[in-house]
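The structures come next, written out as structure tokens.
What follows is a pair of complexes built around chain A, which joins chain B in one and chain C in the other.
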Partner chain A sequence: MVFRLVIFVSIAFFHLALKAQSFSNYQVIGNSIGIKSMDEANFKSCMKGKNNFWNNNNQVLIVLPSSSHPNAESISKLIYNKSHTSVRKYWLSLVFQGRVASPKFCDTDQEIIEFIQEKKGAIGIVSKSSNIPDNLKITIQP
Partner chain B sequence: MLKSLGFRIWLPFSLVLFSVFTILIVYNSYKQEEIYLSNRKSEIDKLAKTLVKQIKIGIEEEDFESIKKSLEIARSSFGFEMVKLELAEISINYPENTKNLKFKKDEVIDEDFKFNTVLGNAELCFITSTKQINDILSKNNRSTIYIFLLVFLFSTSIFLWFTLKISRPFKDLVSLANRIESQDYLESEIDLPNTEEIQILHKSLVSLKDSLKSREEYKDNLLKELKFQVEEQTYELNQLSLVAKHTTNGVIITDENRKIIWVNDSFEKLTGYNLNEIKGKTPKLFQFEKTDPNTIAKINKQLDERETVNEEILNRSKDGREYWLSLNIVPIFNDEKKLQGFIAVEIDITEKKNREVMIQKMNETLEQKVLENTKKNIDLSKTLVEQDKLATIGEISAGIAHDLNTPLGTIRVGADNVRFMIDHLLSKDLTTLSAEDLQFILKHAPTRNVENFIGGLQLRKEKTEIIEFLKSEYKEIDETTLYSIAELMVKSRININDDEIISRIFSSANPFLFADVFYQIYQACNQLETIKNSSDKAVKVVQDVRSFIKGEGSQNEKRHFNLKENIATVIGVFRYEIAQGIDVKFEVDPSIELVGFDVKLFQLWSNLLKNAIEALDDQENKYVGIFSETIDNKLFITFENNGPKIPEEVQKNMFKKFYTTKEKKSGSGLGLSIVRNILTDHNASIDVYSDDEITRFTVSFELK
Partner chain C sequence: MQKIVFFLFVVLTLNLKAQRIRSVINGYGHMNYNLTSDLNSSNDPTKSYFELGEHDLFVNSYFKERISFLGEFVVRYTKGTPTNFSASIERARLKFDYYKNHSVLLGKIHTPINYWNDVYHHGRVFFPTIDRPVSFSYIVPLHNLGIQFQGQNLGKLNFGYDIAIGNGISASDAFDENLTPATTLAFHIKPKDNLRFGASYFYDFLSDASITGVHTGHTMSPGHIHGTSYKGALNFHLISASAAYFGERHEFLNEFAYSPTHTDTLGTAQNFSNFTYYGYRIKEKHVPFAVVDLIKIAENDLYTYHFDLIKFSLGYRYEFNELINVKAQIGYAQNLFGSSHNDINNVEFKVQFAYGF
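Our next item is the complex of A and B:
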């Protein structure tokens, strides 16, 4: 009984922890993607490589945290609801099949911001604590 | 085409080449596949290892784009159909559209490579269907096949060209041979390669062609000739059969045993037998006791020896009539030279035989007559020679008569003159002259040797001189007497220098009478001298004629004589003719002495000179030349004249007896014949040359 309780508690804790990982801690950023806000579903869909071009005809460039990034797991969980390894497998599979362009994996938020600043059509997600230029910020509506 | 030499050379080579190329292509395909698969395996292995490393790095580095690029590069360069990546429960296909590809089991080639990544155990699998490999291999092989095919076609084409080139002369030679076979011998050049064997073959064929052509022409000619001969012989045979049947000569055909098979109509008429009566019998039937047994034996012998018989034989007809035959029996042989029989042609020569007997009798009579006539002719010939001599004498008799008349006339006149002078002297009274005067006259008058004939002008001149002289010397004498005395002096050829005679005349008691008697005595003596000279001339003429007609006794003896004198005698004989305006040039060496019959030579020169003179009858300027010339031991005496040319025909015949061109002048035709005989007697020869300008007879003697 105790064992079952422990397991229940752990699952509950883990569920709560996951719930704690929400967009409130993260800022979606993008460069020249033609929009300043999008809903969450569109964002997730976009980040899963469903769209290849923005409405302003710029190519969609997805920027993800690499395995070395401290928020790699949490962001993978937030967007893909998968572990970072699965996300990599996911993207490996898509790229291997030649269906999409490979996303850019960056080790830090700062690298993500700098890459997005340089590439039009690039979109990513970084911690809100980061120093983020306002022109890159994209509002995610729930 | 299929039977042509070029094709037959080319086909085996092409089949062999084709087989070789086929084997090469099959072997090459097999080898190519083997090599390709080996290479491919090796390449896939290397590629896989590279890709594995790149995938591992890409996964670790999270650089999926580089994995994608590597795959694209690998696929484009290597050409596999699908890469399958099995990675920790997921299976990824590259490219995406190959996901649903389905391969048959035996068409799939798999190459698996296992490795570990940060994402877990991975397996990379390259999938390629055998179809693609076969496509690649067949693509590679196709090009090889194309190349081989091209090479094959090129080789066979080249070889075909060569075989055609090689076989062309044979084709031409075959064509030539075919032409020869078809007897087409028209000339045409064949351009053949300079190959010795071909050239030899060509020369042989051309030689054969020429030979055949000439043989063909010969054959054609022979055929034509044979045809012509056959036609001719057929015609001849027809004619001969007609001849044999209808000829007036008897014809018998017998078998080899000489038994009669066939006779013609003439034979039946000749013998009185018809064919049925004598068929199967031998010609002995016609012979009888008078037939010459030697002739029969001879005929039988010749027939036994299969020889042609030509004999004359006496036979008897059915009615007993005897007839002579000229037999011509010819044995007949077949192609195997086997005797088939005999053909006899019999000509009735009875009349001929009778005529021969008659002719023989006539000949005997004729021979006797000929002998008699020959004798007569010999006598006649002698007579003719004599007649010719007489004719010659007759022809020159006119000249002789003239020559004799002249001196005789002179003698007569001289005698008359002498008589007249004597009468004149006797009529004078000579007593008025002293005995001394008469002695003086008789002493000096006959010795006056002065020219008889002095022209009138000279006489007048002398007379004038004498008259002037006498007038001055003898003034006491009257002028008339002086004139008379002067005339008598001139006539007596006394001139003013004859002092003794003149003083004697004028010292005489009767000078005129003295001069007159002197003149008469002088003239009488002159006349007597003239008579003497004329008598000598007459004697000379008579001597010449005598020499010409001298008896034969002296002609048989050769003697030495002078050539010039001998010819001069002849010229003397013809003096009268020569005096009729003929210019005679007589240049004979007087030292030449000849040995011979002088009278005959006299005749020789006479004939030559007489002919020369006669040739000048119609000539305006008449010329006769007689010359002698000695060269080495030969003496040449030439008689030439400027008469007309002697025609060639006359030159050929003029030395023949009785040949004459002077029928109208009663020429006997013996002159030059006599000349020839005389020349023969003296071993001399004569050469005649005659043209429009001159005619020359040159007699040549051998001088010993």
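Our next item is the complex of A and C:
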């Protein structure tokens, strides 16, 4: 009985941990990227620097939480399945190779939203609880 | 007329001011401690010394959405110069993204051969080990000055290609002494995150094989007597293949190169090298690793000259964060097949601090 309870609690904990890393807590936002929805795989691929330009010819400009951002670790896990340090190393290496434009790192959700509002082609992710203008919202399909 | 010129000047100046150039400037450097011993030598076989390594200023600027500049300027210890240091332009290239993930590059680049030369360049903080593969000192054409066509992350396999034509291994950054340009054809695929397979072919014609140029780490065999180098024409080929996986736990890299060189005097020399690295991340910051690195230069080679070596290393890397790490490595090197020109029987212990800022 005790063993079953331990198993049940472990599964529940695991499920909650997975949920905490799902897109349900976050909102993807973008400015003039030519689409209003994309699937999860495409979004992750885009955030890994695999596209230089959107279909509307705007340059892809990736916006990420900096190490001071409270959700830096969880967003790094969610998109890259890496620690935030590994994500910064990943980008440092890609920029050093000259293959991609450097992403913009922001300290807060508000800073991410303001930056994306200003830059056409910019894309990022913020907490759903943030004050997000409707015209920036991008729907992510699982 | 003068008014029109003045008006155009004002408009252009205002236009340039309105466009903010987005630049990223980074620096990279390293310092080493070396303890080496030549087991064949009876006179002072052991040496212990600190070494100030390369220091690298890296600049990446976007003039417009599709036009960027990348520069890498290195200062390094160079024996024989007035200050014992010299500066060099390691990369300086303009890039134009002409269509989606396709680009054309113009300038001095790192030749897109194999994984190491294409990915790590001079940033020791990115190196998984302390030393580059041995082949870098002998047969890998490190740089190219010319034009390059590049594509990346194409299709489901993330296919990438590089076609480069330019001044070859015997050229300088301002002159090439023959009509034939060096040609590089390279492709890679990244079927999943952190995994990359690549292959490449490089060809250059040297009208005088004794001219080393500035686009290679070309060091001749330790046993070769300088001043007696072959001055005739030489055809240089390099065929290479690499497999790299740098995951959250396991890290693996294998680079193979086969380099036949042909002269009318001694025919075709069959040279090859292979570098294998494996690392295992114990915790997020701790990576013990092992390396086997070998090279064989044939007896009839008139570019590097007869030489062979196999080197075993065991090391440990501690990453404080993405911008600084320390590596310690012990290594043993010996002849692979028993070269008649030089006997290698060395042990070494090295520590390296590598950093970026």
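The rule is simple: the second predicted complex is superposed on the first by the 124 of 142 C-alpha atoms of A that agree within 3 Å, B and C clash if a C-alpha of one lies under 4 Å from a C-alpha of the other, contacts with A are read in each partner's own complex, and residues count from 1 in each chain.
By our rule, a residue touches a chain if its C-beta (ideal position, glycine included) is under 8 Å from a C-beta of that chain, and two chains touch if they have at least 3 such contacts.
As the structure is a prediction and not an experimental result, all values here were calculated from the model.
K.L.:
Sharing chain A, do chain B and chain C clash or fit in the superposition?
P.N.:
clash
K.L.:
Which partner does A:Y26 reach: the first (chain B), the second (chain C), both, or neither?
P.N.:
Neither: A:Y26 stays clear of chain B and chain C.
K.L.:
Which partner does A:S102 contact after superposing on A: first (chain B), second (chain C), both, neither?
P.N.:
Both: A:S102 reaches chain B and chain C.
K.L.:
Between chain B and chain C, whom does A:S66 touch in the aligned arrangement: first, second, both, or neither?
P.N.:
First partner only.
K.L.:
In this superposed model, does chain C or chain B come into contact with more residues of chain A?
P.N.:
C
K.L.:
For A:F53, using the defined touch cut-off, is the partner it touches chain B, chain C, both, or neither? Pick first, second, both or neither.
P.N.:
So A:F53 only meets chain C here.
K.L.:
Touching A:S83 in the superposition: chain B (first), chain C (second), both, neither?
P.N.:
So A:S83 only meets chain C here.
K.L.:
Quick check for you: in the superposed arrangement, does A:F43 touch first (chain B), second (chain C), both or neither?
P.N.:
neither
K.L.:
Which listed stretch of chain B (8-16, 116-124 or 188-196) steric-clashes with chain C in the superposition?
P.N.:
Comparing the options 8-16, 116-124 or 188-196, the clashing one for chain B against chain C is 116-124.
K.L.:
Pick out the shared contact residues on chain A: the ones touching chain B in one complex and chain C in the other.
P.N.:
85, 88-89, 92-93, 95-99, 101-102
K.L.:
In the complex, go through chain B and note every residue touching chain A.
P.N.:
Touch list, chain B to chain A: 59, 62-65, 67-68, 71-72, 85, 87-88, 90, 92-96, 99, 118-119.
K.L.:
Given the complex with chain A, which residues does chain C contribute to the contact?
P.N.:
22, 24, 26, 58, 60, 62, 65-66, 68, 70, 91, 93, 95, 97, 100-101, 103, 118-119, 121, 123, 126, 152-153, 158, 193, 248, 284, 319, 321-323, 356
K.L.:
For the complex, which residues does chain A have touching chain B?
P.N.:
Touch residues, chain A against chain B: 66-67, 85, 88-89, 91-93, 95-99, 101-103, 105.
K.L.:
Where on chain A is chain C touching in the complex?
P.N.:
Touch residues, chain A against chain C: 48, 50-53, 58-59, 81-83, 85-86, 88-89, 92-93, 95-99, 101-102.
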